[in-house]
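Working notes, structure below.
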């Protein structure tokens, strides 16, 4: 440490430096894409890639919300059940509205769905912070509650959109495209962009990272820790609702299996994307990449004839672990 | 110099982190039955040297030898097996486990397959008693004071067979009584023929217990001396490489009848403080003295809304009730915690994030945070507070203790407070940085702000304060100023000993 | 092997001649999986309807209905139920191996045991066994493929890796053996619309020409049809599902070319089992034995017989 180096303190951005840790999930995805292309040329066809991108939209959108919760040091296990609950409620509301099916009907139902999502998140957040209960337990509880509510609403069967005209009107939200890019893809890119903006550029985002980094320091710094925590769950609820807006037009129904295990996929996507489960970091684009990796792995498995259908789960699990190992070794090198 | 056999030796040690060389060609010799002190400013390379000798790091160049045989440690555990133990400065204990469980963690005593808790508790109690403390071995560590935790940590380090014991600033959080007990432990180690490596900022302490002193500056060896040849004053001069006559800034006269800016009346913090009252005037530096655990930190945290409390608080004559620290910040009061890494700074986040965390509203442009202005603020803070860092994009945890304190000061000043409360302002900080921080505190008062300094170092309290409030056992024991502001008076109030004798 | 119709005939006869014994106080426990997809949802629906109907018919009869989300909690539920003191148990077990011993313990306390749909590993435990014909479901679908397609390339979407799935697929493969039909690919769709949608999308990417799809369950058929519609492909001639979901029966009835037929595997078999068990308890008629319901092919001509618009499934 010489005195010369103390007076001229270099600032980042002077040269182009790649943050290997942030780039790791993207490198893993690239490797997977090459691997997939070698196994089956159809894999890199535009149609297949668009299918995969579109399918990963739900998990990606939900996982973006989970990035906020996890970055603040929390956890939300209820997202899958919440998705099913919001989807079921939204369809029942559309079925109940009656009248001529118009865009207005759908728009109103969408707004209500977003409201329900925000309320579900608020419930998780308030119970966690005001009740001082571990988020794992709180959201495990609400996971059961939301799931039971869906089953109750469906009376054991499925909740389907009754009005075929309305269904036809809504269908393009999943199957339609703008300049060849499927609408769900546009939606998840928009959600991720907004989320990245909020997390990296606003005071709320900074507070989220501070709370996740060290709650005590945040409290001593005058940050309203409880409010920040609660708001992350509301963000999560809103993201789940947005995912549902895109999910409902695909099959036009919610069943008791809707959203089953989505919470695990979302958390996995967040972690693969480079966000630490202990909080303090949040990588929105990494999360999107993580969701894509999950979906691509499944897609490659079906497209190739590498292993029998009995062993697919094992290979998927192994690939996820390898992806994490690659990421860990890269972050160690920096 | 010493006459015992050479136990551990470093020859021409170099160590670099990336392109930065932090240690250049250090030779050091530890002999059996000798206390060897290493002193130097923060960043001088003391910690790196210690980590090389204890197997936490490998030297880039040079060798470490045990009994004259060069060896390479496979890690700290390997070094421990060879009899070299390190007492960390940081508290590295499992907070939910008991004292005995911590002391024997990883080397539990068993009877067959079953843990022999009774034996472990007995031996743990004996080990702690050996250090001059009396702690129930079945107490959970989280319920101990920081000083007690430190003693448990020392007991844990000494529980393995050892030939070399390395202490990293062990007295930083100990009271004088506890420190004396530790010195007795060190003396006993020396009698048993153990080699002791002792790292400290407290030069008077070094003078008292060390046989040999090694001085480092900027990663280079300045000198080896017999401790008897050096006075603390000489040590300070060697460390900083210049004359260190003025540690404390010139004291300005206390503001006689300035307005009262903060007043606490009958404030109680359940479990810690009962009916404490004090006043703070504009332009004044008010010291808070007392033993660790007397309730000083808790009182101020209660007043500022960081803990539940009762009683009356007035700011500029107006009654206020702070529910969160956010409220007290709005009222212009800022608190700098003694626990810099646990409560002051986000050690895993970068300097810029830390600097602006409490004052983000001042860096907003619409909904956005203006990063350019944040960077500019960091530049200003680095200059104004003399924060020494090689890069601006490192994490706060990578700064040395003194620079962390400067960053915390810079962060707190961003909200432009009128009242500044600093808890243990120079704990774990080298003498050069200390002087800077004292000057800064004096300047705050001179600029018309009011400052409260909580400190366990009496020379510091006397050196910077206009007035000292002394606490004992959760009560205000008394107040001294002017000519009565002496170590003796403060000790009497803090311990109550003389009061009983009289 | 008796058919569905025969089963109902037995029940009807015994109900007719036993009015005097109906005051007897009897407790019947019904343990079934929770509604985790459409077909099990149908099971719950029919069990609840039958409970109301039977309790009205036999004033002394008390029916305790218990749904469980997985095998382990069903085992617990069985313990709880038998602790309450029951006379009969009607159960649709989550899986065979895990629940054989829990059911055996119930049986050992002297309870009349009726097993529905999924057979236990030890068939001596049950007094009465009511089931759909899983191999038959596969065979009928396979025969239809052979007859309609003659030769061509098909893909198969399986359910979950449990015994009944294996039985269906084995029988299907046996039925098409020797014909010109080639199974290009088969994957698990977990009896879920979403998963079947994904698998079908990937099949469509992987195989340039697919003549037909067999997906053995109507829930999954919904997802398959959406995937085909989205791809805009016209090479797929038809999809054969199974189970008799009302939407699919309706499409058969309306002559939808994509859904020309369906193979019946009705969730209402739980009602058949409850009805027979109650008859055995109240009417001293022999009901012990196995009742295997037929898996008839539903075509445009007979679809109206199997269409129940009020059912949730």
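The first chain written gets the first letter, and so on, giving A, B and C; residue counts start at 1 in each chain.
In this text, a residue touches a chain if its C-beta (ideal position, glycine included) is under 8 Å from a C-beta of that chain, and two chains touch if they have at least 3 such contacts.
Treat the numbers as computed from the prediction; the structure is a model and nothing was measured.
**Q** In terms of Cα-based centroids, which chain occupies the most central position?
**A** A
**Q** By CA centroid distance, what chain is farthest from subunit A?
**A** Chain B.
**Q** Between subunit A and subunit B, what distance separates the C-alpha centroids? Give it in angstrom.
**A** 43
**Q** Go ahead and note the Å separation of the Cα centroids belonging to subunit A and subunit C.
**A** Measuring from centre to centre gives 35 Å for this pair.
**Q** Please tell me the distance, in whole Å, between the geometric centres of subunit B and subunit C computed from their C-alpha atoms.
**A** Roughly 72 Å separates the two chain centres.
**Q** Using the touch definition up top, name the residues of subunit B that touch subunit A in the complex.
**A** It is residues 20, 22, 43, 218-219, 306, 324-326, 329, 335, 337, 342-349, 353, 357-358, 360-361, 364, 367-369, 375, 379, 382, 388-393, 411, 415 of subunit B that touch subunit A.
**Q** Going by the contact rule set out above, which residues of subunit A touch subunit B in the complex?
**A** Going by the criterion above, the answer is residues 1-2, 5-6, 9-12, 201-203, 206-207, 209-210, 213-214, 216-224, 280-281.
**Q** Inside the complex, what are the residues of subunit C that reach subunit A?
**A** Touching subunit A: residues 34-38, 40-42, 44-45, 48, 158, 161, 185-188, 191-194, 197-199, 201-203, 205-206, 219, 222-223, 226, 230-231, 247, 311-313 of subunit C.
**Q** Show which residues of subunit A lie in contact with subunit C when the two form their complex.
**A** Listed in rising order, the residues are 40, 42-43, 45, 47-48, 51, 55, 151, 154-158, 160, 175, 250-251, 253, 255-258, 260, 298-299, 302-303, 309-310, 312.
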